[in-house]
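Take this structure first; my questions come after.
Chain naming follows the written order as A, B, C, D, E and F, and within any one chain the residues start at number 1.
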Amino acid sequence: MPYVNIKVTDEGVTPEQKAELISGTTELLQRVLNKNPETTVVVIDEVNTDNWGIGGEQVTHRRERGQ
Amino acid sequence: MPYVNIKVTDEGVTPEQKAELISGTTELLQRVLNKNPETTVVVIDEVNTDNWGIGGEQVTHRRERGQ
Amino acid sequence: MPYVNIKVTDEGVTPEQKAELISGTTELLQRVLNKNPETTVVVIDEVNTDNWGIGGEQVTHRRERGQ
Amino acid sequence: MPYVNIKVTDEGVTPEQKAELISGTTELLQRVLNKNPETTVVVIDEVNTDNWGIGGEQVTHRRERGQ
Amino acid sequence: MPYVNIKVTDEGVTPEQKAELISGTTELLQRVLNKNPETTVVVIDEVNTDNWGIGGEQVTHRRERGQ
Amino acid sequence: MPYVNIKVTDEGVTPEQKAELISGTTELLQRVLNKNPETTVVVIDEVNTDNWGIGGEQVTHRRERGQ
């Protein structure tokens, strides 16, 4: 029954990587808390680097500086 | 003043269906909790089936199996 | 499979009212989008009136003025 | 370490405006709560006006009436 | 830089289990997407069983029936 | 109409500080995007340090080391 929301920047996450995040998170909740995988929901949000800020600035700018 | 977030897969939800979800949710909160509809906010997120997991796998794969 | 999050202020919502919000939202998603109620998840967050702002001020202050 | 999520309608927010929201929010948290800007995360979601409801109706309809 | 939100029912999750969820999720994002663990944020929300619905009813009721 | 969610650790945030976060965020959205403060909603979540992870560990542990 858990609900997990994963937010990452939209920098080319592949369908296979998304599948790994979903199965990995679901297994983690089963292993640690014995949660039923059948009703574990995982939602991945991909966010534009213009819309993600850290350190007070857009990730877009950090990427331009090679960070 | 309530805030409601509805997340569904992006499988062809029409503007009319979105309007029904918004009015239905707003009425429900007015009826059950006497909340003022004027300040009730509803936000609908449509999520790609690759980005939605249940049972440890992507909805995309479940749809391919006809689930 | 939908996920719904309802946020309201923590002003005495009863368990019965929560049950009505959960069943009402689940039925709405079944009626409008034909979503399976068995995997529809609804999470209700009750928020202290000090922590909820509208119009630039805390709900606590609005309540003190009778709003 | 704070996490801030800002949701607005997708009505032409420019990259410069997003940058102002990110720096302004980060500074606010530093000034009020002495939070370290280096680990303050801000995520901006732009939502289609069909998917945003207030007063029980879509923002799209309110905009058509000039609201 | 990823942000992960894990919502589970508040049924006795221990601090050690929370630590495992945090380290496990952070490692998963490092392994799958090469994300820097130093800026990966994980927030766990524990939700009362009265406030969590699935299948149109409160988890409280399901637990009473032994589900 | 914007919706803002601010998550911080529950380390003694005062009602006055919450009021400042609410008014500051609302003013920022008015200044940058010309948003109507009357319908701007701000919700502050205070999260236990056991439930907040960064760098793969709980904030509780970082605080014990003086970080």
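Just so we're on the same page, a residue touches a chain if its C-beta (ideal position, glycine included) is under 8 Å from a C-beta of that chain, and two chains touch if they have at least 3 such contacts.
In this text, all values refer to a predicted model and were calculated from it rather than measured experimentally.
Path length between chain A and chain E in the touching-chain graph (shortest route): 1. Chains that count as touching both chain C and chain F, per the definition above, are B, E.
In this assembly, E is the chain whose CA centroid lies farthest from the centroid of chain D. A count of contacting C-beta pairs for B-C and for D-E identifies B-C as the more extensively joined pair.
The chain with its C-alpha centre at the largest distance from the centre of chain C is A.
Note: centroid distance chain E to chain F, computed from Cα atoms, is 20 Å.
Chain D and chain F, compared by their mean Cα positions, are separated by 14 Å.
Looking at chain E, one finds that residues 1, 3, 7, 21, 25, 39, 41, 43, 52, 54 touch two or more other chains.
Contact between chains, using the touch rule, shows up for A-B, A-C, A-D, A-E, B-C, B-D, B-F, C-E, C-F, D-E, D-F, E-F. Of all residues in chain A, those touching chain D in their complex are 7, 47, 50-58, 60-61. Listing the residues of chain C that touch chain E in their complex gives 15, 18-19, 21-23, 25-27, 37-46.
On the side of chain E, the complex with chain D involves touching residues 1, 3, 39, 41, 43. For chain D in complex with chain F, the touching residues are 1-9, 13, 17, 20-21, 24-25, 28-29, 31-33, 35, 39, 52, 54, 59.
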